[in-house]
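Labels A, B, C and D are assigned to the chains in the order they are written; within every chain, residues are numbered from 1.
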Amino acid sequence: MYDFTTLVQSIGNFLHGQFSPGVATALEWTLVILVYLALYAILGLVLVYVERRVCAFFQLRLGPNRVGWAGTAQTVADALKLLLKEPVTVNKADKLLYNLAPFIITLAALTVISLVPFAKGLQAFDINIGLLFIVAVSSLGVVGILLAGWSSNNKYALIGAMRSGAQIVSYELSVGLSLLTMVLLTGTLQLSTIIETQANGWWIFKGHVPAIIAFFLYLTASIAEINRGPFDLPEAESELTAGFHTEYSGLKFAFFFLAEFVNMFTVAAIATTVFLGGWMPFHLGDWAGFNAVMDFVPPILWFFLKVSAVIFLMMWFKWTFPRLRIDQLLKLEWKYLMPLNLMNLVFTAILVYLGWHG
Amino acid sequence: MNNEALLQLLTTWAEGLETEENAQYLNVRVPAAQLHDFAFRLKNDEATSFDYLFCLSGVDWPEYMEVVYHLESTQHGHCLVLKSRTDGREDPRLDTVCDIWPTADAHEREAYDMFGIRFNNHPDLRRLLLTDDWEGYPMRKDYKDEINMIEL
Amino acid sequence: MFRAIYEYFKEILLAIRGLINGMRITGKYIAHARKEIITQEYPDNRDTLQMFDRFRGEVVLLHNENNEHRCTGCSACEVACPNGSIEIIWARREDPETGKKKKQIETFVYHLSMCTMCNLCILACPTDAIKMGHDFEHAVFDRSQLTKVLNRPGSKLEKGVEE
Amino acid sequence: MSDQLDLAPATDLLTSQEYFVNMGPQHPSTHGVLRLVLTIDGEIIRKVEPHIGYIHRSIEKMCEKDTYRQIVHLTDRMDYLSCHINNEAVCLAVEQALQIEVPERVKVIRTIIDELTRLASHQLWWGVMGMDLGAITSFLYGFRDREMINDIFEETCGARLTMNYNVPGGLMFDIHPNFQKRTKDFVAHFKTKLPEYDQLLSDNPIFRARTEGIGYMSKEDAVAYGVTGPSGRASGFACDVRKRHPYGMYPQVDFKEVLMTDGDCFARYKARILEMWESLRIIEQLIDNIPEGDFQAPTKQVIKLPKGEFYQRVETARGDFGVYIISDGNKSPYRLKFRSPGFSNLFVLDKVARGSKLADLVAIMSTFDYVMPDIDR
């Protein structure tokens, strides 16, 4: 199995050998920050392209196909366009908060991907309360949305922001509870250990029915949490033109836009880590030959394959379903997702008590 | 109810009723003073029950303004054209019928906007299509717009 | 109590079935996305793009190979046009062969910017001199370019066309 | 309860305060330049006030200068989704005034194209309705099927949208030789696609939740406000002009007037879906039976209507469309009034949308299917 631990360690050793400990740590951090910023930008660009293409195919269109090979450079061109655009600031906006909001959203999105284990040893920040940290940090984004909506002095933006506040506060519960269900099974909060526990089978397979239910509950709730269709009420374009980012343009708009797509990646990555075995290859019982072939595929590829599958599912949802209304959205959470989650949690607890899991 | 029977009935309701011959629908013209009461009766009387006002048009004639109401009864299926004239063209006034047929609200605003016919007791008689500070009434025959008019 | 619980779960399952039903449609289309594409790559397919015969793009004055047209300058199209997009400037000029004075068009002015492609001028034309062209790419940078002169320089009336 | 607003000033933080939101005239869900001034309390709508006129082109005034032949093409520009039906209304009014009997062939062709127009309009509405509710994919599916109709129109009438195929006395040209085949292809194609419409949206629980019980309009309101077309029929108002005041071939063909009783958004939605099935049935009955004959009744070059008043009603995709001509015997009308269905349908919005959520307003507006040029004229 490919292991990045040695590579990462050798870089660390090299830095520590060359420089004093303080400088070496600073350099390590800088390196990590640069890598993650690059990853953030690339993920955003790639996902925007993929979304446009997939959406186009769902809608029997071709999508962007001119700039670059099969339109792959289209998002780069769009990013350049956004960079060159005049940053319009609303006259009566609260300037400080208005300018701060995109950065808060970006920060929240960036912090969460730092926990994602891409492969063995390829993880920037592996703390023992990983899942808790993710749940805590991912809801920081709502602060940015609320600030954006409030400060831009626009009624549409305000309505969008208020919707978003209600939505994220509610759905936070379901995300937490469905992940808690899985914590019962894994027995740990640390992401790398969660993946280790799936070496003999992914949780979605060996977690019986509760894990499958938890997977879909998690997916639904977290799609709602990141304001993606069919739960994109804060920016419902047919009602609120663009919702909380109505007044943003140019680069600041791009920040919102990128954060939305990176959030989508994060959700898929966590789903992959917790339910689909992270970078673990797909194994089938005793089929040694098949398993060997599967092992041959590098784990980082496995990870991205699974993430793409989940992302595709999310896109499928978005491009099929109509949008809910705000009260229906909250009803869905409090009447259906929450009770189901609680029931599921009890079931899983019984399962674990009986020792039927993995 | 067929047109003859309808006409017979209606002539007993109001004085000074005029009719027109050879028209597609039964045409009745009531004096402006009686318009509201007559319309109210047309709507609420069991025998007529004209509950559906499908068209309300203002017409600019050289001496007076006229408002034409096209009525249909969803219950009996018969149609009627009700007309009423204003006194002169300077300050044309008629009673509103929008308390009888709510749809007349918007139609009367349009007639006011385009012809300047004022409807008494209308709750919200404002310009509908044009801006509030527009001068003149464009659908009148004597309306001249020096700036935008293209004569063909 | 049990009834309510049963109803609750039935509602959820029915909802999920409805959602999957919808996803089946979109899933079906993305599965053969390449075959079912309905959009055209427009500027690229210019060469193969075939308009229908009756397509109304603009008014054209037909000229034959001898640079002759059939317009007698009767102004029927000008009268028929609802928007005044056709202006015919004609003059009586001497026919070089017969020596008689004859009505001829000087310029056939066509204001494309005012035309609504209603086809009434074509119907009105007694000599079938004009017809609707298929060109639909009318965008220009200067509005004055939309005023066109349809008769070509030096063109004259085709022989045998009655006035 | 009075309809008057009670705008109490907010004195402390916990009382809500109503505020105004301008929806439009450049709003993604108003399908044109409609401006709605909404009085909103949180998400709940207290009052809707439509402001129109942004696309007013004074067609009625222009008609007073045009000849009857020229008027026809102006009606294309009103309700551009039912342009053929609008054309027909003017032509029927002129034919009725001149007492011209048009050939049977003309009637059949007009009726077929009427129904194709209605289908095209409903397809576009269906796509846009899905898009308004957030299901953007339906937009392209609706357009895919509409494209086939547009091709039929382009081949036979010469244009896709503003066709101007009718002239007083008949049709502008005879149908294209491919017309029947293409139409039959379309009917066969669309019969397989229409169930997919249901599968994608009507069965969807989210869509149901967004439309069922939303924007209720009673039959009394529908009649009183003159709401016609599928929107009115969804409330039980039997207002189909094709049945009540038949014209063209409608008396001879067998079709049902779609009547619903629920009066909510879903009923209006369903009424249009069912109406598409009825339109397909009408086309199927007629397409093989186009009689031979002329495509025009002989008319004079310059049409002068006798002195008098003429009213012609037709059923467009949006409802009861009327042409009211007052003629003084000249070649252009003294006064011409278009009774556009959208105009009446718009002003019931306040009544229907009061008390519902902001998101519901979008659903209500799309089920009423407003076309702004039709309302402004």
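Throughout what follows, a contact is a pair of C-beta atoms (placed from the backbone, for glycine too) under 8 Å apart; a residue touches a chain by one contact, two chains touch by 3 or more.
Computed from a predicted structure; not experimentally measured.
The most distant chain from chain D, with centres taken as the mean of CA atoms, is A. Ranking A-C and B-D by contacting C-beta pairs places B-D first. The distance from the centre of chain A to the centre of chain C, each centre being the mean of the chain's C-alpha atoms, comes to 50 Å. Mean C-alpha position of chain B lies 41 Å from that of chain C.
Centre to centre, using the average C-alpha position, chain A and chain B are separated by 63 Å.
Annotation: 25 Å between the Cα-based centres of chain B and chain D. For chain D, the set of residues touching two or more other chains reads 137, 140, 144, 200-201, 204, 206. Of all residues in chain A, those that touch two or more other chains are 58-61, 319-321.
Multi-chain contact residues of chain C (touching two or more other chains) are listed as 19, 22, 25-26, 38, 82. Across the interface of their complex, chain D is touched by residues 20, 22-25, 27, 51-55, 57, 59-60, 68, 70, 74, 77, 81, 101-103, 105-107, 110, 114, 128-131, 138-139, 152 of chain B.
On the chain C side of its complex with chain D, the touching residues are 14-15, 18-19, 21-22, 24-26, 38, 52-56, 80, 82, 116-120, 123, 132.
Per the touch definition, chain D reaches chain C in the complex via residues 66, 69-70, 73-74, 77, 137, 140, 143-144, 147, 151, 154-159, 162, 164, 167, 172-173, 176, 196, 199-201, 203-206, 208. By the touch criterion given at the top, residues 54, 57-62, 65, 316-317, 319-321, 336, 340 of chain A touch chain C in their complex. Across the complex, chain B is touched by residues 52-53, 56, 58, 60-61, 65, 96, 221, 223-226, 228, 237-239, 244, 308-311, 313, 320, 322, 324, 326, 334-335, 337, 339, 343-344, 346-348, 351, 376 of chain D.
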